[in-house]
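What follows is a pair of complexes built around chain A, which joins chain B in one and chain C in the other.
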Partner chain A sequence: MNAPTSVIHIENLTYAYGRGSEAIDNFNLRVEAGRCYGLFGRNGAGKTTAIKCLLNLLRPERGHVRVFGIDPGKHEVEVKRRLTYVPDQVSFYPWMTIRETLDYLASFREHWNAATEQELLRRFHLDANRRAAALSKGQRTQVALIAAICPEPDLLLLDEPTSGLDPIVRREFIETVIGAYQEGNPGNRTILVSTHLISEFEGLIDEFTIMDRGRGLITLRADEARDRYKRIRARFSQSAPELDLSMALHVRRAGRELDVIVNGGGREVMDRLLKYNPEALTTEALTLEEIFVATSRDQETLNGPAVLENP
Partner chain B sequence: MDLQFSRIRKEARAMFWPWCAVIFAGVLTWLRPYGSQELWLITTNTFLIAIPLLATIPLGMEFQHGTLPLLFSQPVARTRILREKWIVMAVAVVSAAIVYAFGRVSPFQDRNTSIIAGIWMITAICSATFWTLVARSTIGGLILNLFQGWGMAFTWQLARWLLRLPPLTETESMGDLLIATLAALGYALAMLRLSQWKLARFQVTGAVPDTNVFAGPHILGSKPSGAVVNLVRKELHLLWLVWLLMIVTILGVLGLAVLQPLPGIPHEKLAAAAFAYIVTIGGIATVLAGSLSMGEERTWGTQSGNMTLPVSVRLQWLIKLAVVIFGSFVGLASAISLAKIAFGQAFIDVLLPYDLVRYGMLKLFMASSILSFAAFWCGCVVKGTVRATLLVFPALGAVWWAYWGGMRAFVQIWLRAETISGGVASMLHPFPFAPSTRTMLTQIQIWGLQWFVIPLVAVGAIQSYRLFRREIQDSVSFVIRQMLPPVIAAFLCGLFMPFPRVVEASVDGQTYTVLLEVSRAIEKMQIDPAKLDAAHPLELTLDDLSRTSPLSDRLRRWVDGTVITVTPRVIIRPSWRNGRPYLATFNYFTSVRLKNDWNCWVVTSNSFSMGCTSPYGTWGIPTPP
Partner chain C sequence: MLIQINYKSGKPVYVQVVDQVKAASASGALKPGEALPCIRPLAEELRVNRNTIAKAYSELENMGVIETIPGKGCFLKHNNSPLRKDVRRKMLIEEIDQAIVQAHHLQVSRDEFLEAVRQRLAVFDQKRRASEDRED
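On to the complex of A and B.
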């Protein structure tokens, strides 16, 4: 029996915008069907470049890209037929109304859920007769999201989809729209979302990759990440003791308190702390955003754990 | 002061390349050794467009880059911002005007036209800010500025008509011009005040240039089905400004045609003005068709969005290019056809010197296609309509110079290295060409421009398709890199295009040399013509000739085994001596049968004459006269 084909498979992808400035360097990614996959990274980490390579907007210099097992460089229409994309900067023809914009985009699709379109227009309080030129940045993003959802594609590529959206629409979109989209055909509809506003997608993300300077730092399932990345807090009766915590990602001392972030090995750290008879010792799973911050900071301080002292 | 200088430097930096393009066009007018009515009109129209363009750019660029909110949020008074822009604009406009003033065909050719050009400059400069703020774009501001100028000219003529004065500017007296100047200065000052007022109250409604004149009226809406039709509709809408310009061109031609019945206006001048008007405005519309189509998509950011649609990129590119090429041709052809109908023979007479009567529409199609395609290519290379439009002429100039350089290099390389061309000629064809081959070579020469255009268009098309689908870099070095393939292609076309001609000339030269060698060898034998008998011509072999002269390998190869005959006949042929014509007399001629069945004859003394016949055709003078 053949192994299931990944919806997205990127292998050793390298792309440079100019000589010697590689936006992506030997990047690997594998996204299985039905997952909501997060691509996290700081500004300029290479998230958008990677997505553009999936769409054949950029041609990889090295490595290979497959979407639904197909090379988008050779069969791009076939690939694009099965996916939709919401870019970080949404642009429409200024002379078109929202109605015409949606009609224009619908004309390229074999399937278009008109009922969903009406429902989303109502939810986002958008007047279909309004010209695109008169829309705010957030409203343009809303129209782009409607245009991405209505064809009910197998793959939804979202590049910073919530930038410019107000908090109410943002929550509505993430909790209701995205959820409804995936539930429409469970196990078959895949989402790849690139963002640095990780906390907003906390509950949706099944798996994620953190990118930094064009490389993938770590790839984890969300549950596995929460199991491994822990924050351990200890409070002592006197100043926090000096002890060897080289296995920790970050150690922060603030008077009597010690704040330690670990990537695995939480049990060992707690055992060591217990030897100093702390007044209180707690442990909690990190959120995805905290994991992202800890990992990115760790990458910056390549020489072991960063020890931050509070005066 | 330093901060102010840095701001002025930024304004100058934004103006630099457009200014270079305008100056380049102005310098071209220095090269023309003589002037003609049409050329003067085209140069003047270029000047009339270039000046408002330069005046519009300082503010237009802010709209194009979406930097106006940032600029207006700085703690600097808007009037000061405007003043700094004005300083740079004034320097650019005045320097450009000086360049045009020194052209061999200049808008400043006499007192009257100089005053009118000055009026145009002042009103264009003073009102540029206002129109740019109204249009919220460079090209939009330029077009409104042009409409203003034409409106002023129309008002002036209307006033003269109402006052029963002659309508043409060249008959205007100094008093009339003084009134016109004062009226224009008053208008310019009013526009300047209006500009300041408009700028002070201007509301920045959007950070992106999405509400400018290019958005156009709400027509040609999309339908939920028919992807290709929607793409065509979208392309047609993108070019709405081009359609508007084409309509203005047609209305302008009609306006000139209406003047025909008025007394004192020569039809030829009206027809020439109509031609210049069509060439200038229609030409701009043709260029805009190409640059707008890509430039606005890139400015709005919709181009990358279209690339994500599930429709072939090649199809999108083809639709865009087809709409650009056929759209611009239809517009120009309509204006030309209308002018032909309206002006009749007078307009056809104007077209004659430009060889636009025979196959006129085909040539017009070729010209408009090349121009719009060049603009489309520029739109693929740079971001924005203005940049693409300004790049068109330097790009075409670079390609033409490369082609010309290739031809020059050819002359240096091939003609000087005669052994190479001779060797190639011998390899390709060891004997004189048959007429069919010669006809083919001649046709290649006649249609040579196509051999230049076809490879160049092929290179440009491949390149534009590749650039169409990718994100481009916003740098001068990127543009120069992209320019290299077409420039190299043009150079190679120039280098190899005259090749058939040289091969032909080499073969002719070889035939000529062989026959001359035979004739000279016989001359050295000092044959007495009186002893020759026409009924029994003197027969010689190569061995006989070799006794008096050393023979070349080629002669031995071409003539070996055949008989050379010398026949007495008095032949008188016109010839040249010391740069003067005279009648040369020959007492006999020599016949040679070449190994490829060519029967040739030659006479020589101080002068020479020769020719050949064969079953396939003739060369030179077929038989001795």
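On to the complex of A and C.
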């Protein structure tokens, strides 16, 4: 038996500026079945371009793109029948009601889970007789997400699904939708979500890639990331000692305190700090959002003015 | 039983769920035969991936802490850990070792550490008594 095919496999993808899309440079991505995968990056990092290449909405200049092992450039319909896509801006025909909109979208699909549809309409308090024109942005996104999961696709592509929404609204529904989607067949329900609102997705993401200026910076499993990236704080009775912490990602000193961020090697940093008898020494994991900030900041240090002092 | 996820702890999320179910069972917050929350509602409440909860539950089932009754859900097993006593002891020693290393890093002295263990044991005893009283 062959090894299972990755649901998404992108290799050395390159797409240049100039046609209104963000550039991508030698980007790699591999998403296995059943994962909830996060594609993190600032606006303009290239997240949307990567997703559009999966959908054959953009043609890559160079590189290899496979979805379910199939080339979307050659077999677009074959790929699209097995996935659904929610872009960051959703629009419906304004004259249609929610009921008509869902029926219209269902007509393109081989399969539609009406029970899930009913459950989510009820949970979101959506009146199926309302016209699309009368819906708020949050409600439009809710309808789009319902329409995306009812066909029970093998892959759900979400491009900035919660941006521009009221935080209270999005807190409530993103996990509801993802939970409903995964419920039926968890091993085969795969999600790729692009976002810069990382804290919203902290617990949902199994694995992620951080993109910056068209390139992949890091790819890690979420648990592994929180294990490796640590913030260590030490306070000393006198001003903080000068010591070699070159293995740290960032070191910030403020009087008697040292604030160190590490990517692995936390134990060693702690041991070195302990030799100077700190009054207090604490360590905590970085959240995914903090890891995103720390790694992006790292890039700025490499590419531009150093924003951090290193002892 | 209330479960709380702390991303700052650096512990994998499913391990946090496993540990808290075990702690709830040790303190009496969860009693033998009592049902655990279902996977999907718990995942939604904690805002985590359902696969994470599923992984935690299957781990707990493998350890013999809980059992799944098809169509009914997961329940805390009646206190009969299938692990042999020396294996259980070894598992516990690993945890104690971690706490000792942590105490060293936090510059907690041996006496303070032992006192903290005694205090925690007393807290758990108290919780267990309180939940037994409610039962009666």
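The rule we apply is simple: the second predicted complex is superposed on the first by the 290 of 311 C-alpha atoms of A that agree within 3 Å, B and C clash if a C-alpha of one lies under 4 Å from a C-alpha of the other, contacts with A are read in each partner's own complex, and residues count from 1 in each chain.
Keep in mind that, in the parts below, a contact is a pair of C-beta atoms (placed from the backbone, for glycine too) under 8 Å apart; a residue touches a chain by one contact, two chains touch by 3 or more.
Note that the structure is a prediction, hence the values are computed from the model and not measured.
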Let me test your reading of the model: by the given contact rule, A:34 touches which partner, first (chain B), second (chain C), both or neither? second
Looking at A:179, would you say it contacts chain B, chain C, both, or neither? Reply first, second, both or neither. second
Which superposed partner A:89 touches (first chain B, second chain C, both, neither): first
More chain A residues in contact [chain B versus chain C]: B
Name the residues of chain A shared by its contacts with chain B and its contacts with chain C. none
Which part of chain C faces chain A closely enough to touch in the complex? 5, 7-10, 12-14, 40, 43-44, 46-52, 54, 105-107
Under the stated contact criterion, what part of chain B meets chain A in this complex? 206, 208, 210-212, 214-219, 221-227, 229-230, 234, 237, 300-302, 304-305, 307-313, 469-471, 473
Under the touch definition given earlier, write down the residues of chain A that touch chain C in their complex. 34, 36, 171, 175-176, 178-179, 182-183, 186, 202-206, 222-223, 226-227, 230, 270, 274, 278, 281-285, 287-288
Quick one: which bits of chain A touch chain B in the complex? Just the residue numbers, please. 17-18, 52, 55-59, 76-77, 80-81, 84-85, 87, 89-97, 100-109, 112, 131-134
